[in-house]
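Pasting a structure here, questions to come.
Chains here go by letter, A, B, C and D, matching the order in which they are written, and residues are numbered from 1 within each.
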Amino acid sequence: MSTDRIRVGVLGASGYTGADLVRLATTHPNLRITLMTADRHAGKPMQAVFPHLGPQTGKVDLPDLVTVAEADWNACDVVVCGLPHGTTQEIIAGLPGHLKIADMSADFRLRDTGTYAEWYGHAHRAPHLQPDAVYGLTEYYRDAIAEARLVACPGCYPTAALLLLLPVVGAGLIDPADIVIDAKSGTSGAGRGLKEGTLFCEVAEGIHPYAVAGHRHAPEIEQEVSLAAGREVLVNFTPHLMPMNRGELLTTYVRLSGGATADDLRACLEARYASEPFVHVAPEGMAPATRHVRGSNHVLLQVYADRLPGRAILVSTLDNLVKGSSGQAIQNVNLMFGLPETAGLEQAPLFP
Amino acid sequence: MSTDRIRVGVLGASGYTGADLVRLATTHPNLRITLMTADRHAGKPMQAVFPHLGPQTGKVDLPDLVTVAEADWNACDVVVCGLPHGTTQEIIAGLPGHLKIADMSADFRLRDTGTYAEWYGHAHRAPHLQPDAVYGLTEYYRDAIAEARLVACPGCYPTAALLLLLPVVGAGLIDPADIVIDAKSGTSGAGRGLKEGTLFCEVAEGIHPYAVAGHRHAPEIEQEVSLAAGREVLVNFTPHLMPMNRGELLTTYVRLSGGATADDLRACLEARYASEPFVHVAPEGMAPATRHVRGSNHVLLQVYADRLPGRAILVSTLDNLVKGSSGQAIQNVNLMFGLPETAGLEQAPLFP
Amino acid sequence: MSTDRIRVGVLGASGYTGADLVRLATTHPNLRITLMTADRHAGKPMQAVFPHLGPQTGKVDLPDLVTVAEADWNACDVVVCGLPHGTTQEIIAGLPGHLKIADMSADFRLRDTGTYAEWYGHAHRAPHLQPDAVYGLTEYYRDAIAEARLVACPGCYPTAALLLLLPVVGAGLIDPADIVIDAKSGTSGAGRGLKEGTLFCEVAEGIHPYAVAGHRHAPEIEQEVSLAAGREVLVNFTPHLMPMNRGELLTTYVRLSGGATADDLRACLEARYASEPFVHVAPEGMAPATRHVRGSNHVLLQVYADRLPGRAILVSTLDNLVKGSSGQAIQNVNLMFGLPETAGLEQAPLFP
Amino acid sequence: MSTDRIRVGVLGASGYTGADLVRLATTHPNLRITLMTADRHAGKPMQAVFPHLGPQTGKVDLPDLVTVAEADWNACDVVVCGLPHGTTQEIIAGLPGHLKIADMSADFRLRDTGTYAEWYGHAHRAPHLQPDAVYGLTEYYRDAIAEARLVACPGCYPTAALLLLLPVVGAGLIDPADIVIDAKSGTSGAGRGLKEGTLFCEVAEGIHPYAVAGHRHAPEIEQEVSLAAGREVLVNFTPHLMPMNRGELLTTYVRLSGGATADDLRACLEARYASEPFVHVAPEGMAPATRHVRGSNHVLLQVYADRLPGRAILVSTLDNLVKGSSGQAIQNVNLMFGLPETAGLEQAPLFP
């Protein structure tokens, strides 16, 4: 293995996003994992925590897990953080200056630290860093990401929502005050922590809404839609928990404005994403399914005319652990280090 | 077994709704199945087509399957039809007059035969019967059902939508012109016919929308909502196919009218269903899940205030094969023969 | 509701077996639940812990959950225990003498308290009660169960294994020293406790063996097979965890003895279970599936000739929460109180 | 894209194995797909048949589907056949001589055409090719594969069984006459054809055995085990259909011979596969799960001592569409063209 690979530290490697980051990084041509932290599992090889990485572990010589306190930051050029929100702020504040940071937590996504405090229940713990944090929705903030030290990668739901909404809001094709987002997510989005609600029997063979009118991804979506709209807007965001491992599908109900039609929305999205490697407008009439993007960094968008006059239905789907988390983090790391943006992200979707 | 049980014929017994009707009828204290048709499987015992009914078959002496042509109508007091739509009209038109009919197909649900022709692609084949058909949403048409010869049991989605919408539309609490219904359904709703789209690998570990802006349950919902609203309305109805066997959950987004609040909607629903045995408003804050009603005739409703001002979120869930089909058919048969409405329908939900 | 119903206390009502016992008991014509304990949830209504029981709770007036310490034993005629093993022994030892007990834990299943200590890691805590405990495999110990104060209901796997093996071992048709049991179980068998291994993402879309050569149901199977064989035998018992809620399927590989054939095994099983209401030998060639018995107290058995000469393959399937636990407990309570054995257990299997 | 890539034709591209071959080939550094046949879908782009390949289709310029009759064989250096068995023989017999062939069907796996006729119900249609066909179990026939024109890739079950059994049979550590293979498979193994038995509702939330004592993979396993044993042997092979898309797990029960222990089996397997890139013996005590290899070409093996004296339990798991089919085909194509054996097969397993 080349010694001039970018050296990556993974903070919080024992969660599902951490594991998927390791999956992607171990087959990336320009990265090398040199540090992995997981406080509860310190001292173990990654294979003991995630046996599916066993064959990779053997091949690429992954370091054993350590605590954050034990981390040798000099071994890294960049850290990717998959820690629970709240904890990340203090740790990042203490990192040496040579390290670049791609944060997958929610800790630096909200530009206004007051909004953070309101939704996360405690004052922001590193407010001095917030002004320099770049919101890591790659397709919209490429230049800033390339220059950033700290990138706050978007949440999985916001990524799926914003890729769909930003172009049509920005072009004035829909009314930003009348957006209803009905989201369906696989269970990996809830993490590997022990909760009764994510036990197999509480999820399989069923569906239910959760965090109705109170999910923390709502203010994140609103922040970016407001910027695109040029005025402050709220959105309806209603997530549902589904019996599948990966994947998110958002069905978004919008009111057309200024005489726009569903065809106009489609044309707008097609134009915006024509040269994007990971964002695709599906052929007309093809129903996007989470299984069409599983395991990949791809996003699939679709537009339908509504039966209700003056309205349209927008659909987006992505893999919450890839484009919704680890994949987008790597996409951003690629930019931060001048690598080809698609490096290490060329996995084809896995179906069935 | 008592000889004065109501004698039931099941037309189309080899589909999932037919099987669930047999499940319920064989433990019903007042019914006896005396005829079952399934053209492709004629000559076989039901156990050969649905092995899970084997133990029941042994116990209650079910008749073997026959073709419709072979059916002895004199052996029945009532027929329950689970045939594909279109075929039912001609068969029902030819039935002897002593038979009562509970039809689970879509063939007599639309009061206007022109609307039927528009959505189902052919002229209605028994238009003379349509005026006498009673729409079988039990909680709304009890008296007419009790007197009817022909009851057109509602579709699964319309049942879930209308139980939620009719009271609040009728009371003028929401704007009937701004209703968005995002529906999620288990795969049994698509039937046992061979279609690539319902193969295990095409459904498992994923979700996708289907029949967007064109599902045949939309005009049925609109018909009844229009009656409640006193004017013609359209609705957005967007179904999704989910990796589960049974169950439907509808998340419905509505605009409040006349200063109503989400609490007013809750109070309206609670009042309307206070004495209903099968329709329940969930305790405030409890997220309804399809698994809470699985296998039972129960329906669970919920109301949430929306984050968007002036809007609310309504949720309903039921088992598409029970209250959404066979259970409601039996509920109606109970009424048609003066039996207790809950007879044979007291199964508790099956969880996990 | 009749006041002369048998009054049932449920100890450990907040687990899956407890919930299924309540499901069955609330539709049982002769039982009434008068006590439910769940230490962590004391003070709550059952609906708060298991929302699917909400509609039942409304109808039959279930008592709220209390701690074991708060339990009013005088309100009960019988207690059914669904507590974790180990804890049950002390609690049962302290119960007043008027109470009959159907224990669903493992605490009194092993006739030899030394074997208990060896497999469960601590000395038996109520060894004086063990001699009076009757092993509650209903089809084999009916008379003793009817007379017993304390019935130790078998584990789910032993029930499935023994119904298959006892007749053919007893008749000398197979070699008891060469029995291999490959078991596949749904996840509800692992309970509602928080364990990483039963999170949705750790179970869905996969299968793996567990507790290989060390599962605690092995000595229980061996105890009863040894009695039938008239000599001490060991068995191979290898369970696998599967992505389904309910159900167990055992594929058992046996060596024929004394010139017996697979047909002899079938004849033996058919003769043994001809008049049993819940145990059925499937028609020849029909593959038994867990979905054929889901939600019901039925057991399905099958026999195949093996491709290896002198061997046969036996299959059994049941619902681990019903015949494998709560259903068999109720079957035994019926016997203990002179009720019809099938009372309250006539649910048909739920498919799909 | 380099013009000196190996040009690959895919026959039968509209099945699941065909799709997975395309998934792997489109990210392979040395292959280029230049022909894809699918008679029923001729004229369509691959994306219309498998939407998940849409993003790939856009990127690598896949040819549209054609019929076999329309195929331009001159556009290919090698064809990979994913056709239903029986049809492949005639087609392959008619291929021009410059083409190499990796066949994923069963048509050339059985060295004895009489055995083929017995199990597949018709005389072999290209018996003159059989002597030159090389059995494509890569780890055992590398040299012959590298020289072969026609490679008969093994079935998914035989691959999983033989990697486990061949070393220990060959070393005389187990009795080849007493092998019981209990197999559990995901549903993609049954293909994309329309069959009632693979509808979602017939598979989800359940398990059942199928083709007991009569599965066509039995003679294939027996053929190779017999060669290793130096005498003809039969095996018990009992497959089960499971509610998952991909993956196979085989739990194999064996009798030790010559005083061997489970540790000896482990040592034998570890030695045999120490330098294999895709076959791994799991750390002692770690339960292999299908999810540990999902989407990858890896195989995981495990050994357990049995509770029955003188016996052991062997477990193997692989992804039926990768190492069990398309991945092994590519591994063989790599060998046939002198490419690195792991080229294009370095995907890490996808979990969750």
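The rule we apply is simple: a contact is a pair of C-beta atoms (placed from the backbone, for glycine too) under 8 Å apart; a residue touches a chain by one contact, two chains touch by 3 or more.
What you see is a predicted model, and the numbers here were worked out from it, not measured in a lab.
Of the two chain pairs considered here, C-D and A-D, the higher C-beta contact count falls to C-D.
With centres computed as the average of Cα coordinates, no chain lies farther from chain B than D. A separation of 45 Å divides the Cα centre of chain B from that of chain D. Centres computed as Cα averages put chain C at a distance of 39 Å from chain D. If each chain is reduced to the centroid of its CA atoms, chain A and chain D end up 35 Å from each other.
Counting only residues that touch two or more partner chains, chain D has 16, 187-188, 201-202, 204-205, 243-246, 288-289, 291, 294, 352.
Only residues 16, 19, 23-24, 26-27, 47-48, 50-56, 58-59, 187-188, 204-205, 245-246, 277-278, 280, 282-283, 286, 288-289, 291-296, 298, 300, 321, 346-352 of chain C touch chain B when the two sit together in their complex.
Residues 177-178, 180, 182, 184, 186, 201-202, 204-210, 212-214, 218, 234-238, 240, 242-247, 249, 251, 253, 287-291, 294, 304-309, 311, 313, 315, 317, 352 of chain B touch chain A in their complex.
Considering their complex, residues 16, 187-188, 192, 194-196, 198-205, 243-245 of chain C touch chain A.
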